[in-house]
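Here come two complexes built around subunit A, the first alongside subunit B, the second alongside subunit C.
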Partner chain A sequence: VTGGEQTTGAWRARPQPPESDRAAALDAAVGRLRDASPELSASVVLVRWQAAVLAGLAFAATVGLLLATAITATVLAGGLIALYVVALVDRGSVVARSLGQGRVHTAPIDEPELAARLPTYTILVPVYDEPEVIGRLVSGLGALDYPPELLDAILLVEEDDQRTIAALDRLAVPDWLRVLLVPASEPRTKPKACNYGLEFAVGELLTIYDAEDRPEPNQLRLAVAAFSAEPETACVQARLDFYNDRQNLLTRWFTVEYLFWFQFFLPGLAAAGRPVPLGGTSQHIRIDALRDAGGWDPFNVTEDADLGIRLARRGWRVGVIDSATYEEANSDPINWVRQRSRWYKGYLHTWLVHSRAPRQLVRDLGWRGAGSVLLTIGATPVLAAINQLTWMCTLVFVLGAPHGAARLFPAPVFYAGTFCALFGNTAVVYVVLLSVRISRRYYLATAALSYPAYWLLMAVAAIKAVWQLWLRPSFWEKTAHGLTAGVAEPPAGEATA
Partner chain B sequence: MTSAVGAAVGRAGRRTRVARPRSVTGLVVPAAAFVALAGCYGLIGADFAAHGAIVGDALSRVVDAQSVLFGRDPHLAAIGFVFGPLPTLLELPLVALRGPLPAMVTAGGAGIVMSSCFAAAAVWQAYRFARERDAELAWSLLAAGGLAVNPLFVIYAANGMSESPFVCVLLAAARRLARWSEQRRASELVAAGCWLGVGYLIRYEAVIAGAGAVVFVGLLSSVRRSSAWRRELGAIATDVGLLLGPLLLSFAVFAGLSWWLTGDAMAQFNSEYGNAAIIAASGTLSVPATNAALVTHQLFALAPAAGVLVPLYAGVLLGRRDWAMAAFFAVLGSVGSFEILSMTAGTTFVFLRYLIVVVPLVSVGGLVLRPWGRLGLAILAACILTGMLGTWRLLASDHYAPQEAPFMETLRTGDPVPDASGLTSAREVADWLESQPLGPRALTLTDSVFGFTVLSQTTHPDRFVIPSDRDYDVVIDRPYQSGVRYLLTVPPVGRGLLDAINRYYPGMFAGCVTNTRLAMVADGDGNPSQWRVYELLGPISPATARRVGPCREARDRLP
Partner chain C sequence: VRLVALACLLGACGVPSLALSIAQSPADPLPAVAPLALVAAACSLLLVAVPLRAPRVTDTETDVIASLAPLLLGGWMLATAAGRLGDHFWEWRPDLVGLWLCAIGIACVLLGTRAAGFLAAPLAAAALAATPITQLLLTGLAPGPGRAALVAAFLTGLPFLVKRAPARRVRLVRLAVAAAGVLGAAAAAHELGAGAGVAGLIGASSGVIAGAAYAGRRRPGTRRGVPLGTLGRSRVALLLVAGGAVAAIELGDVPRWPIAAPGTYGSVAAPPGAASYELRPGVTVAAWPFDPGGPDDQLGMVVLTSGQSVPAVVTVPFDGLVHWPVDACPTVQTLRLDGLRVDLHLYADVERGFRWSTLQWVSRRPGGGLERVDAILAQGPSGEPSELPAFAPDLGLDAERTAGRFVAARHLDCQLDVPQGADVLGTVLGRVLRGTA
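So, the complex of A and B:
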């Protein structure tokens, strides 16, 4: 134990659960969902028929391109453009819905009787190899306005994560925070750690924060109010935002993207009663609903999106609350691509998992819900990956007008493609600008207008994601945190740049 | 899979979704009023058409739509880039009914349906605008009614032109902008912007309305400034971006497609079919002083009290700081002012129809007088009434309302009007071509400056080669080799100078090109409807023209 300031290593005073409990909890964390509903577990990427269909399609496309190039190219282009048109119209309808009646809970809670009945709240904080942000954790979560005796805050640290443990030893850990050491095992993912924490959670409601998160103080109370107003809601998602939004152009783009996603898109989905892909943190869940759904999928690298769909399939609703959690936006392009490719990989994986039994999916969610899963989860990485390709084709087509290219596009395909290229791209920039206006953060306007350049990065990440899903489906590409040195607020721990 | 608890809860969740609190009457009454009004306009339009009162531009749009669907080279770009494309696009499904309902094309019926629906929608927008300003029923009905029954508005509601859709879209944009001035919700600004974007697809003057709206947004934000200037400027810039975004998109798309397909980004201004060329060719560019007198006369006939109204409305507007009404004037007033100025300066024709926004400016704009109670209502009613009487008288004048007088004649007397568009001779030509023994494989080469009238009367539009055909350049260069057997020509005077055949084969009309034979002449009532059909006997080229006698002179006169 290295020497610290006051109560060094105080967290060690509280013993870890008995070894037998730990082993049982670890088994549950890894195997609960896989054993109970293997068809919903991401431990396998493709089931047999999916592999067969994909291989068949790839084979047919290859043979087609070799033997009947023009027709195959036309069919492929037509299919992609059709997907674009549907996704575009669908997103437009979600945004319109959101503008009309965004389903966001804003009611502040000060009624004494509700305050008297506040439930116990479990907060899970999984960390892995991030000693530099551990110091910020206490100041960030300590600001939450909730009775300390009703808080069950659990810091989840991997047993063999010596650097983080060493950082913890130097820290004065407050009483309301207990530290659980997660036994070292594969898969080494955030959802597995969370599942482990879930086994020891005592709260009625539960939420997850990252170590560097700064939730708005009213968030837990707002969530309680939302849950008591709507008994059929299993989960409410808080708005994610960034405190280093002004750091550079990348963080501005990222912020603008989040403004759109959390202010428009998720509220619109919630209002339409469609499955909501949850954000990585600040999702507030009824713990019994979470356990009923089987917890998180430890093999899925976007367990949050997956959980949102699983909750919807069990008939629960997901809402959105108007409270922000400030995170650190990725300010480094390489790091950003790593993080984004993990998300895209997870989205694709999630969609593949849920489309294993299409008829069951339709039975659970209805045609619209199932279509929504395809368009919000499956199509997002696919469209991001082919965006550049379609742009390039458009440019070549307009400027070069290659001989015979026109014949590849029969009139309906051509008009739909033109519609996407002209209207789609502009509409996205426009809606992003609208998010900037509504949030009154005008300094982001230039980021909104230059947004198409951000798509280049997205495309790189999406292509990487597809590649990685093939090779390392459950590999958790860690995002480096603590890159904000000197921005907004000086971190409590030592920051590495 | 679904647990019992989960399922039960899920169903409960679905039950909690409530239907919109809108009564049946709230839907049925407006719908019925809309159908009735559009039906009235449509019937009047049918009456016009039956009496031969058909405007060339309206018919030309219908013919464009026909070329898209039934032409020799059916493709969407045949919609043309001279007029705003939206009315033509909306006419497509109606023109598709040409088989069972030939009048949809031959009498311009598709245009009439289009304009009467838009006119009814415009009246509805005016009514809603008034209601949303908390105006009492009497005020709202007067404001909307003053628009609905004004003779100028009725004529353009019923004749298939783009005036009524444009007024409708301007009113919709103004209504959203007014709502924005009250609620400051960005979504209202977005809606206003979208309407302006739609407006550009009807008439390019939407740009002016956009400029007016931008000034309004800047002004309102500056006056109601709630934060530091730096921040407020950011807000204004973003607001302006949201407002102009759709307009810019419309502009860019239309100009881009126009450039890509015709090689000219600004065809509505520059091409030989655009206004500038027509003005130059027809030589009707008047002296500004005369124009000013003409415009002033028209203006004071539409709104005899204009001299009092303008200062009155402006005074009340400023005194009351009525921002919602200011939004209305920013959108429609800017367009009105622009039309008056450009007509006076002689940069466009002095057409009464360009002043149509004056009608809603008087009747809906009169809502500014609401604080004056019954006196205001009486003043507005008087203004509307005198305006209607003035309009009625003005419309009968060939001098002040040359385009509208035929319609007025029909309305007043019920007599057929003289064939101003030359449809009689066009029908003659179309019938003659169809009766020729060469059959479907013989193509007719024409230009659409005048040729659209013949195209509107033919049952075989696919036998005509028109400028929007993608191989027009090839065909006009080697017509005989391309299967053309007839050349449809017009006299090379006035707008006829712009005719593609006259330009490519100078002297064609006079019969100065070898290997051609004058096969048919259709002399209409007026000069522009004089057609000559030349039969091609063999390959022709501009170089094979005869150069003797009168042909030499004919060639020298040509540009």
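So, the complex of A and C:
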């Protein structure tokens, strides 16, 4: 994508849509899914029966712990360990499926027939309070190998985001990039901004990038090829990776996690025909399927994962393409916890939304699909939150041998727990190490071996997520970007792996 | 706000430590408070004075959640784990680890997670350096003030010097220069008659400054000499103060044990023919049997450890001197017998019904130095002869055996009752003193 350079501040010369269209688009962005399918909207955290069940369980556990401590604790510990075992087996099966038959598109993209019928592509780039990275946006998107006349790139800026707007004024925004000012309204979330952009999108296919993203140049063409090869596929997810993976131990852990998630886990889910929780960016979607599904849920802070499940419930398939988008890995622990807590909160919220009508969920996805939603979306944050408690219990048990511990852990529970602690943790470390080996990024081996320390951060984030889901379910915990000072970025479009 | 937080942090460190040390050693509780409180004070003052060079990303919820685990674990260690170690409490000092965790938890809440992370390393190093067993393991010799200072300086300063150096070759040279600076300056100061704490402080400072000066000289374009401006804004300064604070603790000169004044307990002398070993330079141990005067199935043995300082005699693990016939579960209680305070350690073979009660105290020797007396009273199950542990000093495996026994004895019920009344134990105590004085 080249040409069409402008002078600074020229973006203001291109008018915003008429006010009536803006108001209608805003209404649709906020209310489309909530009004059409309220049972799938995250505008409410718990429906009545869910609240009653959770309250009943909490009450039963409290009364049980007071009146019959040993039995209740045994049941709780046994239930938790059972959940660990099932989740472990499930993840193992997905990884095995991925190793045997990972469903990753690597279709040829230069065939003349394909080049002759490239569709119009909409690219949404939502930004909020990110003046420090807005400058990289143009170079990142400008490296894409796609005809500019077929590109409908939209930069979504909140109209009261003065810092970003000021940064835009200092930038030479090219012609192929439209700037849409999103009217200020609640909820202030990325999916609401994307829904707003969707109302003005003109492409056949659509993708989302963050401002600091560096997609590989061939990504759009590869997505087109994947859609051509599989008409029943509504969405393909590109691999996310980091350009600052060597910055510190945290970015290495983060990279190792993404290697596992995007190289093993998502392809395994796709190969098994199970719902795929989409990544935050670089998801390429047929725009008609997206509109049919109701767009993104503006009240859900992991709208991407939610959209993946809704697409699956409507019978669409989700695939994975072998193209990477390079992002900035969160290099600061507190910033990381905030970002991850948002993801976990969204996962929990998404699971609660889709479990409101369990029978319908099973009808839509089958038992395996519904179980996958439970284990992939629901169990991930729950187990991460409980991890801290179980580790502390293990430490106290090993070092302190508190009296009565044997009564709380009868032999079957004890041996299953020991199996989880020893085999499960080792297996996870082995798999992430395998990801490092396959990607040939051996400098990440230390991070893979020390991966359990990363779980401590995850535990903090998960507890924060549960807390926030209770108090501020739709609050968008903003991630600070631009913390990579001193870290060399790759030239736009170049792979760094 | 930070000054208030500093006061809270000091309180959080000091109050539990004070309470615990009063319970363990009413003679002089202050030294147990000193290490973490001093380091926390130094670090917090630096935090107040020098803003952190880090992204200004903060999150109160994260601070609170991050504080939970260290507070709970630290509280548990202070409340429970310390008592489980029995006579090994003074070797391992689990209260320091518990206090470290509590201090980190409090710092998370009051100063933020980032500041707590900043404090974690120097506080941990201070806690470790103040632990006698750490010095014992690292040096192989009896802990002393000079050694404590050196260990503290190494633990706090040198790893960070290595980390901060820009390149591998320079890093190694810098490490060598810093290590030489520490050793040379500390040794020189000690030889010149400076107190051990002062020597340690000088040593730590010298190491840091020597390393920094070398690095500054090697960098092109930088002026010669010590880059004081950079040094003052760096973690090195923080660690320097932390190491110095620990070094200032005079471990050897302050008694931490319920020491009896000469003439109160009386000194215990080994009879002719008692088995005797020199464990370390200046530290000897002897053992001999005695008649406890009770039923025929009771046996007694005295183990006497002599040295020049409290750490010298206290940090000889009792399990390194005698070997129990089985995995014995230890527990400790403090008793007052005839107006005197002694520690009663109980060991038990729960399955077979054997019990060993050990009365322990430290007293000053009339001719100088100190001695630790362990009077063992062995009692078998009713009608069966008792067994005494074997006297076979083997300090080489002290740490491993202690840790191993602690873990291996987990399955035993350690909540033992005092098997004899105070009058019986008082009789035993009297016999030990009369029979050997």
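Annotations
As a working rule, the second predicted complex is superposed on the first by the 478 of 497 C-alpha atoms of A that agree within 3 Å, B and C clash if a C-alpha of one lies under 4 Å from a C-alpha of the other, contacts with A are read in each partner's own complex, and residues count from 1 in each chain.
Heads up, the rule we're going with is that a contact is a pair of C-beta atoms (placed from the backbone, for glycine too) under 8 Å apart; a residue touches a chain by one contact, two chains touch by 3 or more.
None of these values were measured; they are calculated from a predicted model.
By the touch criterion defined above, A:Arg91 lies against neither subunit B nor subunit C after alignment on the C-alpha atoms of chain A. Touching more residues of subunit A than its counterpart among subunit B and subunit C is B. In the superposed model, A:Ala445 makes contact with subunit B only, not with subunit C. With both structures placed on the common chain, the touch criterion links A:Ser37 to subunit B but leaves subunit C unconnected. Once the two complexes are overlaid on the shared chain, A:Tyr415 sits against subunit B while remaining clear of subunit C.
The interface of subunit A with subunit B overlaps its interface with subunit C at residues 398. Note for the complex: subunit A touches subunit B at residues 37, 99-100, 230-233, 273, 289, 292, 313-317, 360, 364, 398, 411, 415, 422-423, 426, 430, 433-434, 436-438, 440, 442-443, 445, 449. Across the complex, subunit A is touched by residues 1-3, 5-14, 16-17, 75-76, 186-187, 190, 231, 234-235, 237-239, 241-242, 245-246, 249, 252-253, 256, 260 of subunit B.
Residues 332-335, 337-338, 341, 388, 392, 395-396, 398-403, 460, 463-464, 467-468, 480, 483 of subunit A touch subunit C in their complex.
Taken in their complex, subunit C has these residues touching subunit A: 54-55, 57-59, 61-62, 65-66, 68-69, 72-73, 76, 80-81, 84, 113-114, 117, 407, 410-411, 413-415.
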